[in-house]
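Please see the structure below; I have some questions.
So that you can tell them apart, the chains are marked A, B and C in the order they are listed, and the count of residues begins at 1 in each.
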């Protein structure tokens, strides 16, 4: 095949694939700015006649046709739960990851393996006993209860990622710092932490996204406006008599946006973390 | 006893450092799992709390062994995972090779590739529920506007079409994990062996098969291992797209558990099913983890 | 006074003992080199002195203070690592000043000390660069600079030159020697390269399998190795070692040839004793190509297998006493394989070792 044709072919295929990846998201975003009436019209209207912000106003409770779904509260819950559980997971995961990277101790390998395996338990399977126990403890349907669970499901992966990043920082540096007069603690904060910082940040972003996106557990552990997260709230729409597609799309956009922003931020470090952590055993 | 104490004293620092991680996992994962293991031997129903003490031995397990619906869901889940994982790998490999070829705009494309990974599964489900909707979906509207069909295609209703739609959503979401990790592998690919192989007279295909692919295997297995950690994310997709219906036609193990537990309130039986699902997950992870370890050894040869 | 004293120091990893109770006294301002094959415990010993590795038994003293329990930062030592261990996120001057910053010295003081070190090591132009922007030799110099800024009591070096190419290694070796002359500090230096050990050390400590085999000045260990291990390890090419048996004040080899018992050993061995006869290539030379030396000479005829010309001399490969041996030819002329040369052996520079234990029979 002449190389010209080949190049063109590659571009066509690439374009097609990118279309499949981007199209669904773009279509949702577009729909979020259209009226429900226009979406429901048959035959389909392809070129939007009027774009509005009404859907967003509606789900946040402004404007004339208010949706009976407290999206603002859900958004707040999601933020509080995701940020807190991320901070906790990062703290716990980082200390654990550091120990696995820097120390050898009896039971290290199995401990690591079991930590990872704990992540394989399907959310729905875990939700049943947690639902019962949390009810007994009185923390069902509270932010605290969800934060606890999200922290736990984020810890294994955070340990894995940070372990990889700390392992890339040569142990020599920490020793050199100790000889230069640092305590172990100072050596960590002045040398090892700054060098692993970007990796730790991406582990944090990953944990945030997991919490932000989680549904299987959150849908069982939250019931009220005070604790429901956005993904759970999205399903509120389906419970209504007629599906408010435009409203749902608007809410979907609210959920997507933080994820998209964070994607830009992490992409480089995340790949590095995943591959170095995994391949260079 | 004294030995244990000495071990603890000698490793006080690392033990202290990993203890928060271990503790929270014990509390939020292991303890509940032990509890649910117990309830899987009881006749526990949510509405009757005292039934927790109603020990029924293996009855739940016996029941699900003889439960046709359960085995259909189980089979469908395994089929679903096999199809999805294999296609994801295939598409991911293709996509990575393609993006690796492109020089102009590669960074942008890499970023775009990561989007689906960041999507909430529940959003992915909603997105395709919307797209595949039989009256207002983009796909049906598109096909009708182009005059390719006149009837709405029941993507989410027909048994096989629904399976296809759900698999499509799942593959859309997870192919990028493979693509990105394999791409990282391609970037790390050493040039020397490839050049040596070319000098030895290998064709492009032979180079790919004997040099590139073996080198990529660890990366593929990492992707598999990471993926298998959360295969159950598919629950979210199915729950929002079809809810396992209509009439159980798209029921996967996880949706069946959810329905048995929360709609039928049969916690005991649901927990018994959970254990089957957990074993399935662990099997997948363990399998790929082992493969990863094996492949790592081969990587040493490069 | 920064002496370093090791008393019966033992290191165990779990149940495995890797350093078996070593004793060592290092004087103030002395340059001591620990040398030995890979895995013999040199780094472990050095790291125990540094405080990076706990000691399982025994005592380590710096000056007259027992430092067993002191963390590295309280021992007033500095260390140069094999991979330099420069902080990648700091510039050269930040790297140099880091230890003083941790000790919360004033800015002026830090600057002056950094400038000082930079002057000594010629780092002036590099101060604002990061380690990634330096060549191997420059990194090496920065690592040394970082070590001297603090005016420590003891310098520790762990194979600091092993990542450099041969030429740079020679050059840096000279610089380290000069540095020691300038800063006059006690130095403990680890290497597995015996040339480095010979050229740098005031005293050499030869280690094997977690034991100290011999301690002595370079000349001592070269001329009077305590056993076959040291004999084979120190000096290049390694000492020729041939198995033989004592008979009537001669050493008889397996091929029937023999040499007289060297004068230092006469009377110390009895007939029938199995020994190892050792001599360096330098003491076996073809007639007419020797260095003008007198002494107890023994004549030998050697069939030369191969000559390796090195310019001012040639190394001759031959076999003698059932072993491949090497001899040295000064002011060389071309030698063909198979040629028979008449050589002389300086007997008073030869050694006898016990065949079983390998110990020198010098007594």
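The definition used in the following text is that a residue touches a chain if its C-beta (ideal position, glycine included) is under 8 Å from a C-beta of that chain, and two chains touch if they have at least 3 such contacts.
Worth saying up front: this structure is predicted, and the values here are computed from it rather than measured.
A.B. asks: Sort out for me whether A-B or A-C is joined by the greater number of C-beta contact pairs.
C.D. replies: Between the two chain pairs, A-B has more contacting C-beta pairs.
A.B. asks: Taking mean CA positions as centres, which chain lies farthest from chain B?
C.D. replies: C
A.B. asks: Could you state the distance in Å from the CA-based centre of chain B to that of chain C?
C.D. replies: Measuring from centre to centre gives 58 Å for this pair.
A.B. asks: Between chain A and chain C, what is the gap in Å from one C-alpha centre to the other?
C.D. replies: One centre to the other, that is 57 Å.
A.B. asks: Approximately how many whole Å separate the CA-defined centres of chain A and chain B?
C.D. replies: The separation of the two C-alpha centroids amounts to 16 Å.
A.B. asks: In their complex, what parts of chain B are in touch with chain A?
C.D. replies: So the residues of chain B touching chain A come out as 7, 11, 13-15, 17-18, 20-22, 24-25, 27-33, 35-36, 39, 46, 95, 98-99, 101-102, 109-123, 126-128, 130-131, 135-136, 138, 141, 144-145, 172, 176, 180-181, 183-185, 188, 218-219, 222, 225-226, 228-233, 235-236, 239-240, 254, 257-258, 261-262, 267, 270-271, 274-275, 277-278, 281-282, 284-286, 289, 292-293, 296, 299.
A.B. asks: Considering the complex alone, what residue numbers of chain A touch chain B?
C.D. replies: 10-11, 13-14, 17-18, 20-25, 27-28, 31, 39-40, 42-44, 46, 91-93, 95-96, 98-100, 102-106, 108, 111, 113, 115-126, 128-130, 132-133, 148-149, 151-153, 155-157, 159, 209, 212-216, 219-220, 231, 234-235, 238, 245, 248-249, 252, 255-256, 259-260, 262-264, 267, 271-272, 274-275, 278-279, 281
A.B. asks: Spell out the part of chain A that touches chain C in their complex, as residue ranges.
C.D. replies: Touching chain C: residues 170, 172-173, 175-184, 186, 190-191, 194-195 of chain A.
A.B. asks: Name, in rising order, each residue of chain C that touches chain A in their complex.
C.D. replies: 50-52, 71-73, 77-79, 81-85, 87-89, 98-99, 102-103, 146, 150
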